[in-house]
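Multiple structures follow.
One chain, chain A, links the two complexes that follow: it is found with chain B in the first and with chain C in the second.
Then we have the complex of A and B:
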């Protein structure tokens, strides 16, 4: 009977290895997502609403998770979305991306992909031109074993 | 509101019959004594559209025994609601008589005795008989829809990459299908098979990973009985997580509620008067989906293998659950007027193989598909003294057998076996053939790995898999039943939050607690990772049974369920 090497063997069970290997660090390095949000809002409270976050409930591949957001706004000179920050609250570092908009953007929408080390919340915070802030939060599961059927 | 009594039509006249009267001819006699083909086919046609639904047959072309789960725990808002009712509670809820044919078909109560009384269920040739009878009556008003998990789950399907089933299904002329395990034949094979299908393979929630463009058609339109019908297909949302993503790396799935909503709006805009979601979401996901997406008239559910004898009405949507393994066919007659469902009549038709006659043409196709493999299919490896079954949230006896085989044949301390819902049942005294072994193992990634894992890693796996099953939000439920374990005991508190459900992990060989730091030699199969090595699981199970001739699986009490 052929024995498998440790290297091959460790690759069982979906992203078990990836999750385990990365999972060591966050225990020691505190995630800075709250700091990023506090800086972004200068400590103001962000209200819920206006932001639609599109994320998978469960990531198919933690290394490249698609994320889209759209924000309700007329996007006129009088009333528009200025900036949006995305953070992930259990990655080794919380920052994912910051997007800048102007009235000329027409819509406040964007899509990107991010890496998620483990199951965690992804948070979007938007700064409006009147100085108010909105936020939305969604949990994305990153599973370690696939046993479906 | 339509009363339950009105559409609960499974109850058929039964004559007095005592359970456990014997084998073979007795079973045929008993089944026929209790009910007739005419009774099973009897259905007062209603309205202008008939939907016929078949799902999750898992390549079972011949009649089978299939024990419904005795444990199917509902979590959060669905606790105690169908399909999370089992055994005698199920019989009470649907007012079915213990010992009746319906009780046998739909519950786990007295399974062994009733199986001997009423015989096997299913068989695609019997399904064909029912289908042809409905088609003869309702042809121009009827749609026949296949919910998927059709091409995988048997020896012949495995050897022919699904073709043995496709050939037979094509002869039954489905109007559309969706899928899940179909994808495990790999993207190239799926494309080849789908391109050759004479009917659409729908998957509105499948997109290419690069550009997020639709990879399959979402919707097929039909006109039946003067009604324009849109059928929207929804493939299993977590196929790339529950099954090997590397086999179809360019396809992304997901529930994609927004996409479903848009597809429904598009269908309405195109004039559809009846919108059907042909879904492989699983029952609880569909129940949540229709509470959030308006405009779907009927969901033909699949994936979770639930057989529910009456439609569940959520808002204005009817949810139909047709079971698995060919045991049932659903017939839903609808009266559609002015783009709305004015009324319906439903029957979950039980396919009692000893009562419903075989359709010769279909039986010949099945024989043809089996002929090249016949000697292997029928090769007896050993016998069982115990009831062998898989279905249920925790260990089933066939999985205990597989775990025992892995522990012995791979010289492992602990065994892990996936919680699949497919896999039929064997009664005490029955021979175990190669076909039976494949019915529980026939997948395209069968390698039985052997590797060390720390106690902590084992706990992480159990926690992760349990959250895939017991997360209170159905949208976060990813997979099958709980991973089966051998050599390991544990307690699970299902209502606790993710990461804290599992406790009291015990290494059964010594009776000592699992040490988080120690490495244990673990054997398992069906890894979703590429390049997993080891012998195919069917060889492992065969050599274990062959060495023992007769297997006896004692009840497994090493998993304690709390909550």
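Then we have the complex of A and C:
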């Protein structure tokens, strides 16, 4: 049994209104996640691959969902991962975090914990030192949403 | 928030060229700015750790920009290739302008 809380009802309503008002990307633009990605890549297309995104398939508690990623890269001065942006496409706001690596990092890996308001996709986009972009996407089913009041 | 306490786990020593793991945790509510006070109905202002920086011997090795979607008591794990002995300095920046610091030494042999 799942009840829709007032907050969720408002946010769903708000998203629909926003999508209707803007009239673009009605499919999954529940928030600004696509805008964040577009800004990050300066509009370039991110290829799928090179990123391993580790997330639970089902998160019982959306307040603290463990997330790890690793990216194939030699991490040398000539070839390394510069930045990784993490977004969630159905949180009140899309941004989660941006990770800035250096060749001294040794490996392009990091872990943290994030809030997920509801079942949604988590997307990681990486910028390589040669200016190319890679992405990975994983869906997480959320039983009890985070971000609630 | 009574006190904000950073905690860091770094190996005391490493072999030259070894990639070491650094784990950090800081006690912080990460107030999203989306919540309302249940009694007054007024929005609770956002107050989060918005930036984390790790330097080694003064050079940045890793940094992270955090949004309200990072969980309370932010946990961050990352790596560094150990090339020489030195000292880490970790800095967390709060929305309210304060910053919290921690230092750790690393011996490379």
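Assume the second predicted complex is superposed on the first by the 113 of 149 C-alpha atoms of A that agree within 3 Å, B and C clash if a C-alpha of one lies under 4 Å from a C-alpha of the other, contacts with A are read in each partner's own complex, and residues count from 1 in each chain.
Rule of thumb we're sticking to: contacts are C-beta pairs under 8 Å (C-beta built on N, C-alpha and C of every residue); 3 or more make two chains touch, one makes a residue touch a chain.
Fair warning: this is a prediction, and the values are worked out from it, not measured in the lab.
Participant: Looking at A:115 after the superposition, I want to know if it touches chain B, chain C, both of them or none. Which is it: first, second, both, neither?
Facilitator: Second partner only, chain C.
Participant: Once chain A of both complexes is superposed, is A:144 in touch with chain B (first), chain C (second), both, or neither?
Facilitator: Touch status of A:144: first partner only.
Participant: In the overlaid three-chain picture, which partner chain does A:74 touch, first (chain B) or second (chain C), both, or neither?
Facilitator: It touches nothing on chain B or chain C.
Participant: Between chain B (first) and chain C (second), which does A:58 come into contact with in this model arrangement: first, second, both, or neither?
Facilitator: first
Participant: Touching A:131 in the superposition: chain B (first), chain C (second), both, neither?
Facilitator: So A:131 meets neither chain B nor chain C here.
Participant: So, A:98: does it touch chain B (first), chain C (second), both, or neither?
Facilitator: A:98: touches chain C, not chain B.
Participant: What part of chain A is shared between its chain B contacts and its chain C contacts?
Facilitator: 111, 146-149
Participant: In their complex, what parts of chain B are in touch with chain A?
Facilitator: 180-181, 212, 236, 238-245, 252-255, 258, 410, 418-422, 449-452, 457, 460-461, 464-465, 467-468, 471, 473, 475-476, 478-480, 483, 498, 524, 526-535
Participant: Which bits of chain A are touching chain C when the two form their complex?
Facilitator: Chain A reaches chain C through residues 63-65, 68, 75, 88, 91-93, 95-102, 104-107, 109-116, 146-149.
Participant: Taking the touch rule as given, give the residues of chain C at its contact with chain A in the complex, in rising order.
Facilitator: Result: residues 19-20, 32, 34-36, 38, 56, 59-72, 74-81, 83 of chain C touch chain A.
Participant: Help me check something: in the complex, which residues belonging to chain A touch chain B?
Facilitator: 1-4, 6, 8-14, 16, 20, 54, 56-61, 66, 111, 119, 139, 141, 143-149
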